[in-house]
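Next come two complexes, and both contain subunit A; in the first it sits with subunit B, in the second with subunit C.
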Partner chain A sequence: MGQFQFEIGFSILLLLLGYFFGRHAEKRHFNSIRQREEEYRDILSIASKVTTAEDSAKPGMLVTGSVVISVDYFKRFLALLRTIFGGRVTSYETLLDRARREAILRMKEEARSLNADRIFNIKLETASISKNAAGNIGSVEVLAYGTAISRVNQGGF
Partner chain B sequence: MLISNLEIIPGKEITQHLGLVQGSTVRSKHVGRDLMAGLKNIFGGELVGYTELLQEAREEAVERMKQQAQAVGANAVVNVRFSTSSVTQGAAELFAYGSAVILR
Partner chain C sequence: MIYRNPKIPEGINYSNANPVKEFALLASGAIAIIIMLIYLLGSLLDWSSKFIPFAYEQELAAPWVEEFKGTPSTQQNEVAKYLQSLADDISPLMGLSDEVEITLHYIDTDTVNGVATLGGNIFIFRGLLEKLPSENALTMLLAHEMAHVKLRHPVKALSKGALFTLLYAVLSGQNNTDVSGLFSGTSQFAFLGFSRSQEQAADDEALLVLQKYYQHTQGAFELFTVLLNENSTIETINIFNSHPAVKKRIASTIRTAKVKGWKIKGEVSLMPDSIVNIIEKKHSKSINDTY
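Here is the complex of A and B:
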């Protein structure tokens, strides 16, 4: 009986740890994402391949940004509950949203260091990196890549 | 060697297509990083070790693709794509592919 109680107690401890630390980390991350999105607003990311007369006639340069983010214990528990009732799994939605935006921001950082202000033909690639025994997604990797090109008479690529 | 994920390179002309070139690598992380990732699975947040690992692996895949392109005499790889797949628990394959061309 003692062992059973210990296991229950341990699970609750993990849930609480996940809830408090995970929530704090997510909030901080979202704040940082919003701030940096504002900062990199002048770099346009374009999903098309066709450059215009405004863009420089130089070949451009491949830029990438990637991030691996893990969901916390509490959210994983919530997602497990969701699979019983069905519906939107908000805990994974926010995870993927964070990961995509972070990857795009890192790509833009690289573009800025190359002095480019347009990124063409953006592709996003998502992969689940680790799964636990129950088959739940532990963490996701998102890769964003595109071709950085600067405007006419701006130097750079 | 120019690596780009556009099909038509601004200001350049493709004079010859040399076919598909590819590079791939399968990487796993060491136990220490695995342990840290286990902790992060409780607290949530970015797994910096994994991000670095995959970044390095991707660079290596691109490097191998470049070598292949050089071997066929290309001076650029266009329309490059990346793909990631987890092969087994704790190992991931990074794959890069594109068309080798001669640009003028």
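Here is the complex of A and C:
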């Protein structure tokens, strides 16, 4: 069963590669997210539709931020094991947390380029690319969108 | 209304725990389940193989046996006939069930081997036969192989092989594994491996037969001595690799003989000259051919 041993060896190699590269990428991404979240702290993202007296009465602008992140082999394997035993799929939780925060950050980036200060009515959408089709890379897309509005006397649009 | 975006503490939506720990826990759990499954299914097969009719085994093996045997020469047939008569002599001592039928084949190659396979077919190779010093050793060899057949080891090995192929196909999710062809192919019957405990069981049976037939067990030591020399000189793939280490076999034989009060030494009978002549002639011929 030389083929069997080859496949086992190859899977272990993929697991190791997935673990080391995936973990490195995740760490870097989280650091960058935390840093940029501080940068964009002044732009408020609000789930409500209700504006206040401070907000400009000018029409709002649609702002979007979308991100696609791929699952590494290690995370996939861990999630696969979870399908046997059940429980929190922690390996995907970090992935989706990163994706959501990155999408919001990109949306804020767009808002800043429009000189907006607040984003109302924020919505988040998650889509899995390629679904569960065999042989495909499992990737996830998160789209964040909302209505950007500037404050009264702040210039803006 | 006043809106604020306070800083949200980290680690609410995800866990900071080391994934390697989780992986180790889950993977070892999964592996344990797989091993348990294999063990349970294996035991089930071991137990249920006695319900497989011997005739079915014979039918399964027939095409492969024909292919492997080729067309034996008159001399080869003579050796096979001799082996068969010896096997027929000892088979009443073995307590074989009525449906079991032992067929001896003689293969004229240098392989130092004896093989028991499906359908009661036993192959003895010239390479091993020419090294045996006496008929006693040959009787031990035949009794050992016949014990495999009696204990249904070949069919157990085959069904286990099929189980592993099937499990492998299921677990790896492969669709190109020829599961339906598991029993139709012929090559996989060639050399079924037996486990150590199966070899031990066959040794025990054979030793009893040897004692009953000759009233001493010297043949076993003669056979083991040949195997011992063979193991230390040639590194070929043969059945003896799966056999318990030869030295252990010798020790366990001495122990058994002692416990039962059997004689370890005794008078040995030689193989008939006509047979020895055929084997040795072949041997010298093959040497001439090579050099």
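Operating definition for what follows: the second predicted complex is superposed on the first by the 150 of 157 C-alpha atoms of A that agree within 3 Å, B and C clash if a C-alpha of one lies under 4 Å from a C-alpha of the other, contacts with A are read in each partner's own complex, and residues count from 1 in each chain.
Just so we're on the same page, a contact is a pair of C-beta atoms (placed from the backbone, for glycine too) under 8 Å apart; a residue touches a chain by one contact, two chains touch by 3 or more.
Source: prediction; values computed, not measured.
When both complexes are overlaid on subunit A, subunit B and subunit C end up sitting side by side without clashing. Within the superposed three-chain model, A:V71 lies in touch with subunit B and out of touch with subunit C [touch as defined at top].
Of the two partner chains placed by the overlay, only subunit C lies in contact with A:E7; subunit B stays clear of it. Residue contacts after overlaying the shared chain place A:D97 against subunit C, while subunit B stays out of touching range. Taking subunit A as the reference, the larger set of touched residues comes from B, when subunit B and subunit C are compared. In the superposition on chain A, A:G146 makes contact with subunit B only, while subunit C stays out of contact range. Our summary of the superposed model lists a minimum C-alpha distance of 15 Å between subunit B and subunit C. When the two complexes are superposed on chain A, the residues of subunit A that touch both subunit B and subunit C are 50, 75. Against subunit C, in their complex, subunit A makes its touches with residues 1, 4, 7, 19, 23, 34, 37, 41, 44-46, 48, 50, 52, 74-75, 77-78, 81-82, 84-85, 88, 90-91, 93-94, 96-97, 100, 118.
The residues of subunit C lying in touch with subunit A in their complex are 1-5, 7, 10, 13-15, 17, 19-20, 22-23, 26-27, 29-30, 33, 168, 172. In the complex of the two chains, the subunit B residues touching subunit A come out as 2-12, 37, 40-47, 50-51, 54-55, 58, 76, 80-86, 89-90, 92, 103.
On the subunit A side of its complex with subunit B, the touching residues are 14, 17-18, 21-22, 25-26, 29, 49-51, 55-62, 64, 66-73, 75-76, 102, 120-121, 123, 125, 127-132, 138-139, 141, 143, 145-147, 149.
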